[in-house]
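Right after this note come the structures.
Next come two complexes, and both contain chain A; in the first it sits with chain B, in the second with chain C.
Here is the complex of A and B:
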């Protein structure tokens, strides 16, 4: 059977579309491709609402079960899982209205906003680790910032996922420390060009080639970011003396001003007494 | 100077007519075992047959474009590549951890054809170069590597469509196949579902269902074919992801 290019492309397209016969969903359009599957927008006829429907390559239903276990404000909730007539697994989840992180950053948000987002991502990762799950493919394309500022970590991986080169740890096998590396790579990606050296140091520690030299968990990384935000020294960086003094100065500006004012008054009084 | 039936006009490549060898009607066996399973369980010939069924045409087209061979020379080189593959433990040398089987095969073909091409050119220097006439068959502006992948996809679907036709005939689902053929294999404008329903005297929803069934079955048959020429589930999965649009 001779197939023209146009027929071939048509077949490549229609044979990939999920057959939703017998389900409550109607296919609308493709909205993205992620680790091991394609995500479509679909209409749930029963509840008359739009959902995101992810069809997994082959029968990898484990991914849905894995995510369903992770109930967290920064993890997209799963509504239902199922199997298509061709054996592929699918699951439906909340259709998030928002912007992918890489596009969100194009709007030049402030440093404080960038750190808020990374902290939300880190909290979700830390929670997943506490449940025995790892993400495996953390990258800007898998983070959504919703219209109300909510942050969602998407596309939780299964064993078959090996990560994306720029964000993947150079570890022979992936574990929770590999997610720490990816979190560091994500932070580095999110920082503006003129980022403070303390934050750069946090990314360097998180992305250490030796997993044992990274932060031991997501909470430790977040705690260092919090220390930076509160003007304390971060664990990842032994800062030079002048930098420490400057940080002390900016943290204690009011006290220093009061001390200066006190010294000035004392000096003035001393001066007046001796005139 | 140009040797072989090959030339360039603008950015397009022109070749003489392709061979019809290596089409999907070769009666090659359908597959269940993965490539390596078959090769290591004493079914090396069966595994090779699968490979030839799927890859003969892509290899032939790749050689034609990459080494500017005419139809006959490309056929000979393709035949001798597969003959050599049988002699030289082709499967044993394949390391799934380093590349997909498709990439491995293309690189092996490239090495093999480059050696043969160099040997042929050495001989010609003693005798004289023969020029083949150009024929005006526009082929492609893609690279040989892209053509190889495209032909691989085309052959994979062509084989699966043959499987689908046989399956429909043997299971009394000719109507499903006719509807699928009229709609999904149409090169020109596609008929509407209403037209198809009227033509076959069935409800429009039945047209939808029949198309859904044939597409689903086709997908399964493509998957089967693909599993037969890949070394592992992971490789099959990665190849599938390249395949679907």
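Here is the complex of A and C:
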């Protein structure tokens, strides 16, 4: 009896499912396919909780160790690593209930909220760099925004991954400056159409084709974003005089109004005295 | 520089400037020296109290309100003082004093070391 294509596809799919025999996990469903592996939702029988279980295509246990070393609020914590009966490595981690960044942006969050998210991502990247780790594949699909607004950076890369073209640095060397480029590309992706020129200048600096011309580290990029949010001049942009005056007026609106009120009072009194 | 010192310095400067504008009133010109000194002292008092308040309460709105109120109060006291001519210039003294007080309240709130509540945030 010939089998239909749909039946064959189903059989292939079932055959590819990981055999969790000998582990404490029960497979639930496939969540997605990340860098060099497939991520499933699973049930931890021992602790009676749901976890995310990532099965690596080949022996990349180093990826789990890489992430496990990075203890940061924006980096998904690793629970356990192991080897399946078929020899494939796996690790379990916190199952993040949230939305991928590209889908999160479809809800039109405010600029302040977008900058909050990018700052959380930048903090995680900066921390990883300080620990000697590089992400290598920063892109919207690897950022999750949790149901409580928490931000997670997922799919930390290994040597075999060189990033996604739209967010990958053009320079061949893969170091922390590659992540800076990707962070800038991520910020540009997140900005609304009518973004302030200062923020666009920040992305331009971060995405400079010359690695030496980019921000030296993630903290410098975040500091410029913070300066923008506080109404100060950003290092990435030599703003024109009119814009500088407008920014001064915006930051000191109350004071300028009070001074104007004083001048108006004085003028009024002078006028009344001489009428 | 703490907020009280900021209040004192700006109160001195703004008070002196406010007193100087009395030159535009011809009958006040002979007394310009005393007016400037008095206005400076008034400004320093308002600045001192506004600065003290700014150390206790972190609120630009209430800082401006208090400063304006203090400015109005001290201006009233000055305006109500006996004068040689017997005339009292309540409007000419109190109205600018009110605005100068508001400015001092704003400056003491915004300048100087951050309030502990802001640091904790």
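FYI, the second predicted complex is superposed on the first by the 261 of 275 C-alpha atoms of A that agree within 3 Å, B and C clash if a C-alpha of one lies under 4 Å from a C-alpha of the other, contacts with A are read in each partner's own complex, and residues count from 1 in each chain.
The rule is simple: a residue touches a chain if its C-beta (ideal position, glycine included) is under 8 Å from a C-beta of that chain, and two chains touch if they have at least 3 such contacts.
All values derive from a computational prediction rather than experimental measurement.
Contacts of A:269 after superposition on the shared chain: chain C is touched, whereas chain B is not. In the superposition on chain A, A:3 makes contact with chain B only, not with chain C. Judged by the number of chain A residues each one touches, B leads among chain B and chain C. In the superposition on chain A, contact of A:261 is made with chain C only, not with chain B.
Remark: chain C residues 21, 24-25, 60, 64, 91-92, 95-96, 99-100, 102-103, 106-107, 110 touch chain A in the complex. On chain A, the positions that touch chain B within their shared complex are 1-17, 19, 21, 36, 38, 57-58, 84-87, 160.
The touching residues of chain B, counted against chain A in their complex, run 24, 150, 153-154, 157-158, 161-162, 184-187, 209, 212, 215-216, 218-220, 222, 233-234, 237, 240-241, 243-245.
Contacts from chain A toward chain C in the complex involve residues 254-255, 258-259, 261-262, 265-266, 269-270, 273.
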